[in-house]
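Which chain is which? They are A, B, C and D, in the order written, and residues in each are numbered from 1.
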């Protein structure tokens, strides 16, 4: 039910590599453990200063609700007030768009979530999934 | 104007039993007293870590406004900004969807509220009503 | 790295039993998992309404810092401003006194924390340790 | 007025190396830029879950006030209420003890701050200074 720093580093490096391959804007990634606590974060040079908060919001909502960013976005599109209120309940720490990716081990247990931000939300998610899979984990994005 | 721990336990157990009978996802339930304060809470194994906040939000808005989750949702559907602002006024602790259930005694006095979360909002509410009624109380969901 | 609802219930019941044996005032107990998220809570009849927040504060600081309530109190006695500022960093959710008990499994891994409140802090801690040990866990109080 | 991710990584790795050499408990380190924004963070395996908030508090107060942790502690020792109120003014994000280290370039310009936590505050600071200097920067701790 936890994630090692070694795996967190792999996820971050591989997500950045994929971002460069896709020629995305500078990315930022946070890795949270299964309890919603920060394990690791990196912000690429050239990224805007406030990227930690966005990355954290994508990952935090994902792990606390057990629902990835894309599903949160679908709910927000159909019931905007619901996700707004969920954001309030979680202290303003929820960003319900793609780039919030749930991570499971091979047995299906949630081991944490990542939040990727910097390019379009869809591109953020594509790069992040590559990072999660490179660490031998299953990504739900 | 209060609810005993014994009744709170009955509500929780019977809601969980109904959830298993309906084959719902793992549920979480909070029982609040008539003052909006936590009496009891349980999160079933396998539920996402952030379920306390969602359950609390459903129950807190219900007891503080004296209006169950379904009526809050109707208001949110017609006036989204209103419930968003109510969420702010109550410190982010309002989740205006079904699963927030007002509890009354046989004379009609409000004795508290419960918040159920984990499956669809409608299923959460169905299971919770069974729990409230099993404790000899009247549910307004 | 997690705690089952079954164990959480055992901890709560055994702590209450010990409290009654010691003729303590009504107790309240929260059980948090290793990530600081609420697993279960119960407030005995007759306890003051705001006991959830106190129990949560004892347990939350304990698990987030990895330090039990007694050690937090020692630090607060020698460096009051430090624990006040830690409280700020954790959103006001730290109550640095006995009754915050770290729980480990037989291998030494932290599986969560409990917060007990209602009587004197020292008595709260004595009862809580009995509860934790009854669940087959190691208590650091 | 900024710090590269490359340098941030060097600081983190060298601080961890020093910690292992000194046989410290697992460390956590945050690197903030000159604007107080998160550039990078890592939490070693075995560290308590809430270490991000403590590391951030050490670094944030340091860079926002332009004063390292040791000097903040001296002020707190003589005027506890002052640092408590500074903590409030900065949203609870100030932990005024050693381990908050100001970083300057060779010309004396502040380029950011780090926050190190996990062992005693003094040991945290010793390890962190080694990390900052390994990146070719000047540490004020």
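Observations
Following the convention adopted for this analysis, contacts are C-beta pairs under 8 Å (C-beta built on N, C-alpha and C of every residue); 3 or more make two chains touch, one makes a residue touch a chain.
Each chain and its UniProt protein: A, B, C, D = GlcG protein.
Just so we're clear, the structure is a prediction, and the values are computed from it rather than from any experiment.
Homomeric contact subunit A (GlcG protein)/subunit B (GlcG protein) is classed as different-residue, with under half of its interface positions used by both copies. Interface repeat of B-C: among A-B, A-D or A-C, the matching pair is A-D, sharing over half of the residue-numbered contact pairs. Per-chain Cα centroids separate subunit B (GlcG protein) from subunit D (GlcG protein) by 43 Å.
As a whole-number value, the distance joining the C-alpha centres of subunit C (GlcG protein) and subunit D (GlcG protein) reads 30 Å.
Averaged C-alpha coordinates give centres for subunit A (GlcG protein) and subunit D (GlcG protein) that are 25 Å from one another.
Residue positions 33-37, 64, 91 of subunit C (GlcG protein) are each in touch with at least two other chains. Chain contacts in this assembly follow no simple pattern; the graph is neither a line, a ring, a star nor complete. Listed in rising order, the residues of subunit B (GlcG protein) touching subunit A (GlcG protein) in the complex are 47-50, 53-54, 56-57, 76-77, 80, 83-84, 87-88, 91-97.
For subunit A (GlcG protein) in complex with subunit C (GlcG protein), the touching residues are 1-2, 33-37, 64, 91.
Touching subunit B (GlcG protein) in their complex are the following residues of subunit A (GlcG protein): 34-36, 63-67, 79-82, 84-92, 110. Subunit A (GlcG protein) makes touch with subunit D (GlcG protein) in their complex at residues 4-6, 8-9, 33, 35, 37-45, 49-50, 52.
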